[in-house]
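Below: one structure in structure tokens.
Just so it is clear, A, B, C and D label the chains in written order, and each chain counts residues from 1 on its own.
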Amino acid sequence: MTDKPFSKSILTRRSMLKGAAGVTAGAGALLLNGTAPMTFTRDAWAAQFRNDPGNNPTVKFGFNVPQTGPYADEGADELRAYLLAVKHLNGEGDGGMLNTMKPLSLKGNGILGKKVDFVTGDTQTKSDAARASAKRMIEKDGVTMFSGGSSSGVAIAVQSLAQEMGVVFMCGLTHSNDTTGKDRRRYGFRHFFNAYQSGAALGPVLKDEMGTERRAYHLTADYTWGWSQEESIKNTTEGLGWETVNTVKTPVGAGDFSQYITPVLNSGADVLILNHYGKDMVNSLTQAVQFGLRDKQVNGKNFEIVVPLFSRLMAQGAGDNIKGILGSTNWNWTLQDEGSKAFVKSFGQEYGFPPSQAAHTCYVQTLLYANACEMAGTFYPPEVIKALEGFNFDGMGNGPTLYRAEDHQCIKDVLVVRGNANPSSQFDLLEVVQQVPRSQVDFSPTLFGGELGPYEV
Amino acid sequence: MDSFLLQILNGLDKGGAYALIALGLTLIFGTLGVVNFAHGALFMLGAFCAVSLQKLLTLSVKVKDESITFFEAYKEVPYLEQWFGQTGTTIIEYSVPLSILFSIPIMLAIGLIMERGLIKHFYKRTHAEQILVTFGLAIVLQEIIKACFGANPIPQTPPEFLTGSANLGAWLGMGDNLVYPWWRLVYLAFAGMLISAVFAFLNYTTFGMVVRAGMQDRETVELLGINIDRRFTIVFGLAAVVTGLAGVMYTPILPPDYHIGMDFLVLSFVVVVVGGMGSLRGAVAAGFLLGILQSFASMNAVKSILPGIDQIIIYLVAVIILLVRPRGLMGRKGVMEA
Amino acid sequence: MSILSVNNVNKSFAGLKALNQVNLEVEEGSVHAIIGPNGAGKSTLLNCFVGRLIPDTGTVNFLGQSLLGITPHAINQAGVARVFQTPEIFGDLTLLENVKIPTLAKRDGAFSLRAWSRIDQDSLVTDKAEHILEDVGLIEKRDILAGSLSRGDKRRLELAMCLVQDPKLLLLDEPTAGMSRADTNNTIDLLKRIGERGITKIVIEHDMHVVFSLATKVSVLAQGTVIAEGAPEDMKGDPRVQEAYLGGAHL
Amino acid sequence: MTKQPTARNDLLLMAVFTLAILTMPIWAAPFGAGYPDLLQKFAIYGLFAVGFNILFGLTGYLSFGHAAFLGVGSYTAVWSFKLLSMNVIPAVIFGMMTSGLFALLIGYVSLRRSGIYFSILTLAFAQMSYNLAYSVLTPITNGETGLQLAIGDARILDNMFASEAATAIPATNLFGIEMSGYPGFYFCAALLIIGFYIALRITRSPLGTILKAIKSNQNRMNYTGLNTRPYTLTAFVISGMYAGLAGCLLAVTDPLAGAERMQWTASGEVVLMTILGGVGTLLGPVLGAGIIKYFENIFSSYNDQVLHGIFAFLPDPIENVLVAITGLFVGDGWHLTLGALFMVIVIFLPGGVIEGFTRLYSWVRAKVKQDAGGNSVNNGKSQPQSAE
């Protein structure tokens, strides 16, 4: 890991192509930089993109995950998955999902004959820190692709950086409609599902379990992801015939939610929907249960709580309070398809516990990018992007999946889960109620607007 | 009417928590004059005393789940349950109340060590240096906890009979919706008791009187041949215990993680300053005032008129109070004004 | 002509009468000592001259202008400087800087934005500051931090900070309090030399030695009221004064 | 004896500082910090800290809300990019103006109190700004995601001269020179040098001396004929504008403005930078900013693989032990190292890193003197503490 700060193209390719102005300005930098002008002399298009591995025996990936802050545990799990993916790509270990992925262009000898190397960074779950870390990977370490993240704000911020810099970003955990909606980017890809799909998947299950005459009360984290989820769930439930009693925004990181929970008691609502994630969700759910909401009878029905987006780590934090609560998730380790089994097996053998949904998504994203390079026969981003766009694959844990070309959203099965009332082990926290087929959670790519932007930057 | 009463209860409950945290800080910051940015860390350590005891009590036999072959999945049966049956289960159930006893000596020791080992040397240093060293300490403590317990919140449950809600409405004849969680009522009562105890200690014991005199005029007290240093150490320990207990008791309401202290740090400073530097009464009053105002600002009726008011109410009130009353609610002149 | 005239000033704190119908005329060029036992209201009276306290009733006029409700810095700008009982100086600054601050205040007014010129190249200010430091005998210490001075030196520095402004009226609150006999005598000499500049001075003092060395006029304050007034020699034997001190200093 | 730095000392200091900043890409490279983004961050946060020090270092007023001005500067700059032009000049001008105005308002109210009460007032204002920017002000700030550029932005000035509609989001530029990468760093560096020079001039000016006097003794100030309030307000607004400029530059080099820039932790960060480097010194805040940003970006990137690479020359068992131990302090443990560093510095070097240099310097000088057999060797011109 020696630093060769000046062997990388210091001037952006963009500014080089824009002509003299950029070169004069960069004169100071040029003095320090022997190789930058060389990019002109190479004639092949493939040589003109940022961080071209060229003749290096390795290709470098950047794994940008929260290592500090509230999502540090999730970030650690993501990092484990990435390391595993790198191992499998390089032909080490048991190969994991490389054995189940279809169609597969990868050969288990790295990518296009190059071994995969990686660098890591800390997003701190802050847009600024995440972008700074990503820029380090791009500018200093010379990564060809970077991936990671545990929140939509970070994903969107980093994704737009990817577009500016011309380096592909494979999103980690991000659930907001905006990521592949109004803030979609040509250089960003999302495997994770979105809030709309959560609503679409939960709808029929909610109808089966709770009927069509319900009165819902929303508590919503007061930022873009929360609003986007509230809207999606509201549309779904109102489509079922439910009435929305109230939607209340709560400050992020409020800690004590009691002042928002007590009004629910008198509202006449019989369902509480918590549009919270992470710590907020752990706290609001714990406190809602303490207020006895789940023991209540309203309108002759049992009071229910729904948490539209679940993760196993959150379930751990909420302890017993999660039992019996309905929600949706991208993936769960108890799935019995070949891909999931292969992944859980290699992850479990490597680390001694099952992977989280964030780990799964990060693992799959790495493999998908690698496979696209192999398909395209180059690391040149526009070609890789084209290979990923409209890519149909299977054997990665969510059934047959399409990487949609129009918005870079994966369309695949979504899981509706319930907090396990009777876990058989410390990891068995969520039981899968239904694997909702992808046809049911499909949506028009134009639904949320947005523009991908150009291939060439 | 119900909702109004409930918000008052919420406010009192929140206020109790704020007051307890601020009480510890006001002893350290308002009276010893140390800008202690590690105060949140004391709260966090208290909460993790409860977590540690729970982990200790639930040390378990691991019964392997044979259906899973890739890694060790197991059901945990705590030794206590295995050895003592029902009694063991009950002991585990009472982990949080037991933590009170468990945490007092630990927090006292932490407080004493912190004061003797570090803070003592910083009484005469500038506030800037106090901030840097205590903030550094807070980060270090936090990271140690993270290394031991991870970053994820760890759920804590109160004893079975305190898990549900008290049906206040039925007692008062006011309808079914006036319910309030038992544990929050317990917290409120506990906060009241602890605050009274601290007041009684400082007001009615010789020790307390000497300390209060020393806070007013350190030199004179020292001239009387009293070793005020040692007493300040004990006050620091006391503050650590009070703050730690606030943390222990709060765990069933807010599953603790390593960052919980930082979340309360700013708030605790605001409460102390709004209450007025050097005033214990002020800190308690400000805690309850801010708690209640925050609860009311979160009511839908209020929010529909002033959107976002619940996000800023604490700070808005702080600004108004400090502009109307230059030294907070009950501050003493000349404390930390320069 | 009187430079400061105080008419029927009253001031109470929480019902306690600190000043009771005080009348005082300070002649221009005089050294006017205000003496009296502890708690007589001397410092309270002084605070009414500098804008720290506002009298409940009555008037305080400086050169015909009312001082009531005027901020301390504006009163200073009008020409009133003050020396405190415990020297108030800028401990973190060098002696030279200490003296430059009042020089700047005198020259540039209560607020001016000279953010670009170098203060060490401002020869006008530097010369004046060095000159006054020489006057009070502190010039060798010009570059050390004021906080490290002895109490006597601090007092001299504070005097220098006041004198550099060429005030019309100088208020001295126990200028020799806590000083050794030698330091006291030095200070008296210094004050006498200042006297040659013709600055009007009001001195609050316990030390009768100082009073009789300096004052041209003495007012005796007791229980918030002026009970006697006159030349120092006349005051020496006045029975009212002796009674007021009640076994205090024997005059 | 406190030696007063002369104009010549200062000229030398400026020359050395300018040289050090401009050659940073060269000498920072061996430390793994020689890439544009981190260099930009060094310059930007250095500027932020220099400005903060004008308030805190000189007047002693500890603001815990300076991040608000950073945020306001960023938002204004991005809006200027969106509405007016991708040229950075209007962005910088408007950013400094709005943050200055904002500082004037907040300062006017907050400076009615001093000491801790002032700190809490500024903290409260900043937290209100942050909370509102994060939620109800989303139409202006784009909430959690942060304000970003879009292809369809108005860019009135640019579009007056543009021949065709943009197909991609244009880059921020200075009359055609793109402000990413090294040009962006040199732009920030130039502003840092200018900002540093202004701070130096202010410190040496009558204003600077008066501000220091306010810190030293407010009571004496009142009776010295100087009205302290406008002076402190001036310092507050100046340092607010520095913060605003730093915010602008964050947006210039990376056109995105997020609410988290205004959070109290961001305000706290600049306080820590200043104290870590040395309150009231000129160079200290720049150093402090550099140290903290270095830890955040470089220490956090060391993972076990990197460590194994570093210790590869050792026998395996020793290598593994060393990796295990150092692994605690880097990667996800970088916070721990930073916290420990804060404590070590303040315990052993009251006065910050600059104090360390000063001590080292006097130690070396004493040593040299000794070696020279008592002959006084005065090489005071190159002394590092000419910063003070």
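Quick note on the criterion: a contact is a pair of C-beta atoms (placed from the backbone, for glycine too) under 8 Å apart; a residue touches a chain by one contact, two chains touch by 3 or more.
Since this is a predicted model, take the numbers as computed values, not measurements.
K.L.:
Most central chain by CA mean?
P.N.:
D
K.L.:
Hey, how far is the Cα centre of chain A from the one of chain D, in Å?
P.N.:
33
K.L.:
From the C-alpha centre of chain A to that of chain B, how far is it in Å?
P.N.:
The answer is 36 Å.
K.L.:
If you average the CA atoms of chain B and of chain C, how far apart do the two points sit, in angstrom?
P.N.:
51
K.L.:
Please tell me the distance, in whole Å, between the geometric centres of chain A and chain C computed from their C-alpha atoms.
P.N.:
74
K.L.:
Give the residues of chain D touching no fewer than two other chains, as numbers and ranges.
P.N.:
If we look for residues of chain D contacting two or more partner chains, we find 131, 134-136, 335.
K.L.:
Which chain A residues sit where two or more other chains touch them?
P.N.:
Chain A, residues with two or more chain partners: 72, 76, 222, 249, 251.
K.L.:
Two or more other chains in contact with one residue: find those residues in chain B.
P.N.:
308, 311
K.L.:
Every touching chain pair, please?
P.N.:
So the chains that touch one another pair up as A-B, A-D, B-D, C-D.
K.L.:
Contact residues on chain A for chain B in the complex?
P.N.:
Touching chain B: residues 69-73, 76, 222, 246, 248-249, 251, 253, 255-256, 258-260, 262-263, 265-266, 279, 282-283, 286-287, 290-292, 295, 313, 316-321, 344-345, 347-349, 351-354, 423-428 of chain A.
K.L.:
What does chain B use to touch chain A in their complex?
P.N.:
Residue list for chain B touching chain A: 2-3, 6-7, 9-11, 13-14, 17, 65, 67-68, 70-76, 146, 150-157, 163-165, 177, 179-181, 183-184, 252-255, 257, 259, 263-264, 294-295, 298-300, 303, 308, 310-311.
K.L.:
So in the complex, which bits of chain D are touching chain C?
P.N.:
The touching residues are 1-4, 6-7, 201-202, 204-210, 212-213, 215-217, 219-228, 230-231, 234.
K.L.:
Where on chain A is chain D touching in the complex?
P.N.:
Interface residues on the chain A side: 1, 3, 5-6, 8, 10-12, 14-15, 18, 21-22, 24-26, 28-29, 32, 67-68, 72, 75-76, 79, 118-122, 126-129, 131-133, 135-136, 139-140, 151-153, 156-157, 160-161, 163-164, 178, 183, 222-225, 249, 251-252, 451, 453-454, 457.
K.L.:
Considering the complex alone, what residue numbers of chain D touch chain A?
P.N.:
Touching chain A: residues 22, 25-26, 29-30, 32, 34-38, 41, 131, 134-136, 138, 142-146, 148, 151, 167-169, 171, 174-178, 180-183, 186, 250, 254, 256, 258, 260-261, 296-298, 300-301, 303, 305-306, 309-310, 331-332, 334-335 of chain D.
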